[in-house]
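Please go over the structures that come below.
Both complexes below contain chain A, partnered by chain B and then by chain C.
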Partner chain A sequence: MSSSLRLRAAVVSIALFVTFLAIWHLATRGAAPATNMSPEYAKLMGATATAGKSAMPGPLDVGAKLWEHLRRPFYDNGPNDKGLGIQLGYSIARVGLGYLLAVIIAIPLGFLVGMSPLVSRALDPFIQILKPISPLAWMPLALYTIKDSSLSAIFVIFICSVWPMLINTAFGVASVRKEWINVARTLEVGTFRRAFTVILPAAAPTILTGMRISIGIAWLVIVAAEMLVGGTGIGYFVWNEWNNLSITNVIIAIVLIGLVGMLLDQVLARVTRLVTFPE
Partner chain B sequence: MTDKFISIEGIAKRYPNTDGVTAVFENLWLSMGRGEFASVIGHSGCGKTTVLNILAGLDAPSEGVVIVDGQAIGAPSLDRAVIFQSHALLPWRTVLGNVAYAVSSKWRNWDRAKVRAHAQRFIDLVGLAGAEHKHPSELSGGMKQRVGIARALSITPKIMLMDEPFSALDALTRGTLQDEVRRICLETGQTVFMITHDVDEAIYLADKIFLMTNGPGAVLAEIVENPLPKDRARNGLHRHPLYYAVRNHIIDFLVSRSKSFAVDVPRHDPRNVPVVRIGKPEPSIVSALEVIERTSTQAIARLT
Partner chain C sequence: MAILDDPFDAGRSVGPACVCGQRHSAADHDRTMLQLRCEPDESEEKRYEGVVASAVMRAVFPQDAARRAFLKSVGASAALAALSQFFPLKTATEAFADAATPEKKDLKVGFIPITCATPIIMGAPLGFYAKQGLNVEVVKTAGWAVIRDKTINKEYDASHMLAPMPIAISLGLGAQPIPFAVPAIENINGQGITLAIKHKDRRDPRDWKGMKFAIPFDYSMHNYLLRYYLAEHGLDPDTDVQLRAVPPPEMVANLRADNIDGFLAPDNICQRAIYDGVGFLHILSKEIWDGHPCCSFAASREFIATAPNSFAALTRAIVDATAYASKAENRKQIAEAIAPANYINAPVTVLEQVLTGTYADGLGGIKTDPKRVDFDPFPWQSFAVWMLTQMKRWGQIKGDVDYKAIAEQVYLATDTNKLMQDMGLTPPATAYKSFSVMGKPFDPDKPEGYLAGFKIRKAS
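Entry: the complex of A and B
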């Protein structure tokens, strides 16, 4: 039953996708007849003016271009012409670094906040104020203090992914069942061992949920951050191709951003499943 | 009481509330000898669990001290194992993992193999051999509580503290588990302090039954000594001539006297709680004629 449901869902998905491609194709193909203009002028004007073709690329254009990119993902022809693999690599590396930094800071701090009501109350106003700030608002300050655009992007990733992790870790740690803590206490388990053998495994699913939210936000923010700082990365690529008026490349970049985001989320989802325990 | 293995000396527990302070209990004195099985019975809110938590070291009294084996207690200790009402197993560990966690907490320098072998011995003891690699979520309520018992026993504590250990189980499982706990405690001469709501459970398991009045301001009203022989068996329990005498005494207390105790006994001395020994019931002669008469009148009453 469930396999047949999966099969039917896949069929519907594919049908939807094909319909979408067909509509897209029909909407962007050249329709109007060629106007009478001198051949040289027509050459200047391009297919948009002569054949009534839409300025929007069709699925076939995008497909052809994508194939071209996939064949040479890592070429490097200078600052403004790098393969998509390189651009995505830069973005993933920035997200990875900023995210890792956030994990190193947020999880121990979250433990502290979750275990100590005093620290929790003391830090609460700061967290409440800092959390809703758009990570990009930090950018000028980061650029001014760090004086390095690439590091500033990493800082922005750090600052946007730290909050969900911090809040979820604190919540997970604070809501560990009292009876599990009592078991550790009656067994005279020390604070340090208790943190690793009881609190960490008990809070792990909540912590991982926070990490999963964070990676999603980090991947959202990197595109915007790279548009601002420029130089390399998939966000810069999108903006650069917009300046080149290459809508085809912009569409390809959008699709790839979606795919990479999904992969990152899936990795975290897999890890979450590993640490989740049934009760 | 000559041998005071556990001595609760004048403890009180008070909580601040909107209009001042509420005392769950005040000036509570209670003592137990080594190897005794004692049970506390009282209505909800009389502070039974608080007494147990104080004994375990999980909670601190507002006043008074608890002395165990000649030493005042302050913090939880591996000498006092707790069997929790909700079994409190760590769900991410297997049965063996849960017991081994306790074992390795007690003997920190033991190697893995030794810890496992020791834990396995206690898993076998509670009849869970074969289930050691299951997670708590795969176990029934009775099996979970068995793991809780194995975990408590595995650290060979001086005292076992049980907080309504069987209350979450179905009647059949409860019976089997009571039998096993009784067997294990008799074999090992364990000192046990158990909280229960179940009068029959107390009579079957305990040597001494502490009756507590209703809270707030609960007091230890009476200590009932169990008159049933040490080698009592579950199936013959209700045939013992003193069984109903004890049972009725406790039930009378729970139904009526636990409420009115403070009024009925105004000069109750919490340091000298009366010990109740229930003797043989007065034999009463019931003539055969009377019985026939009574049954016939009942029959007539039913007819009309």
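Entry: the complex of A and C
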């Protein structure tokens, strides 16, 4: 990409963003304040009813509130009110744990499925049926059997991130070039050595693509799961602020969820680039 | 209003004269049975001191006449001084207040962020749990089904539930049957029917055919009260209107989006709709049934069996907090204590309007009703019987119902009665009382007859 193209793209991006903010600001300016209200009555009412303020916050409100959160991201006012940093930390920890469990199970299993046509055929119907189930549909079942809401959330993350990894690993392993395996066989390389020195490097890009898809799904699901079970996490934060009808805070949470999701994706994209090889 | 017999009042009998302690004869008491409410007016230490002193006095002078003669001759303060000389009243009081040590000190109690949970919530910031030697974490929960599951899963030791929920759980309605118990009612009154502003000229419920209403949960007083109210006005709630279970915070948003026409919801939600200018208060639930229970404090039988002292300490804290909340002068302080994001997470002025009862009605007027929400911990078993009649009326339970057996199993009136006596409060003598809902009297002894009196009910 030439530097001039990059510059022009950045300018267009910024212009789009500014236009968006301007439209948002104009759209939420609100109506004229109510006039026929007694002062005592007005004191008991909210700004949307008295000052004609729009129920939707404008970009300035959101900016001010965001600054307030960023100034003290790690406060802890008790079990139901923690800073955004802490909430994001909880969510990332949950995603990390469920995801790690999925990696530990999906990759060896994927290897097995990819290397053995018998296992592949035998497991196929199960994988096909379990794969399209919405992860949140598992939630009541998990709550009922695990009897612990935070473990249930981790289980839901596990179950949603295991399928893309499993399928991609199996596909990557199965589609390693036949010549390479035949070369290994002529050199009388043992099964385990063959798996680790030939197949793993060859399948790594496909496996990582699966992992990248999985982390995206896991991050999507955690917010919904936390809204359901509550307690801690960014999903709980969204629910708690929704409870107070604070759209400002909900918008802030949406922006942060997007940013963290992008970061997680970028990390795996980097790792994918590390293992990619030219053929 | 003295809740406690003063043993140093020569004119008084220390024996159980009137069950409530407010009036002097039992006959007087019966006459005012319906308004029977006990409100403490002394600090806990003071009450305990009184209980202990009263017991000592009774032991020293088993005969009332002798005690009276003694008090008359030396005076109350001299008698107290004399008594404390040879009996360590202070130590005894401390030992009494200490009660038994709780088996489990670190407890988790779940709540839904509405003003019904006031006693449960305020127990944490105002130190009612700490006073009982408990370290309680009050945890905000996303909805009634979740709070039910988390309590059944033992993530919570006890929790805030809608008054009919422990009955429903014990009966296995909408869940597997697990015996639950209610040692204390949280609040009475404190709900309301809120309608969208556009209906401000449609105040007669007979015109409400085809409207959509939200209720917080199927097993809720809200559901039963709204159905009752509609049916009394000739509408069949199952066929003439639509009732939807909607989580309270989404009610205001749905009302704004015009998805529903109104709701019978717990407060701060009603007031919040007014505060945001999307609705007005049609009536308070108090106008349907003054003194109706709404939410309860519930725990599983298993928890009560494994940690009876913790459970007793928790109940004492709740009863104490409820007594504190029942007094009008404390309400402002409570509103400020429970408004932050850690607890209810709502504007202070909204909570203040709910708790103090001076509120904007959404149509430009300011109304005052100090009993808009009130707090009374006693778990009347007749409340449970009434809820069972409504569950049967609307087809939630079918067949024969042993009303009193269920009520007595779930609503722990006897235990709470004893506990309140130990605390120096004076609970009512019976666990059943009659009351009337929209002018129609309810006799807890004849639930089937009451049920038969309703024309509109679900065909069984």
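Heads up, the rule we're going with is that the second predicted complex is superposed on the first by the 272 of 279 C-alpha atoms of A that agree within 3 Å, B and C clash if a C-alpha of one lies under 4 Å from a C-alpha of the other, contacts with A are read in each partner's own complex, and residues count from 1 in each chain.
Methods note: contacts are C-beta pairs under 8 Å (C-beta built on N, C-alpha and C of every residue); 3 or more make two chains touch, one makes a residue touch a chain.
Note that this is a predicted model, so its numbers are computed, not measured.
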Three-chain arrangement built on chain A, chain B and chain C clash or fit: fit
First, second, both or neither for A:L187, with chain B first and chain C second: first
Touching partner for A:E179 - first (chain B), second (chain C), both, neither: first
Which of chain B and chain C A:P278 touches, first, second, both or neither: first
Chain touching more of chain A, residue-wise (chain B, chain C): C
Geometry of the superposed three-chain model: angle at chain A (Cα centres of chain B and chain C, steps of 10 degrees): 150
Contacts of A:V198 with chain B and chain C, given as first, second, both or neither: first
Touched partner set for A:K147, first chain B, second chain C, both or neither: second
Gap in Å between nearest CA atoms once chain C and chain B share a frame through chain A: 51
Sites on chain C touched by chain A in the complex: 113, 124, 137-142, 146, 149-150, 153-155, 249-250, 252-253, 256, 272, 274-277, 340-343, 345-347, 349-350, 353, 359-360, 364-366
Chain B contact footprint on chain A (complex, rising order): 177, 179-180, 182-183, 185-189, 197-198, 201-202, 275, 277-279
Contact set on chain A toward chain C in their complex: 36-38, 40-41, 43-46, 48-50, 55, 77-81, 143-144, 147-149, 227-231, 236, 239-245
Contact set on chain B toward chain A in their complex: 56-58, 75-78, 80-82, 84, 86, 88, 90-92, 101-102, 105-106, 135-137, 155
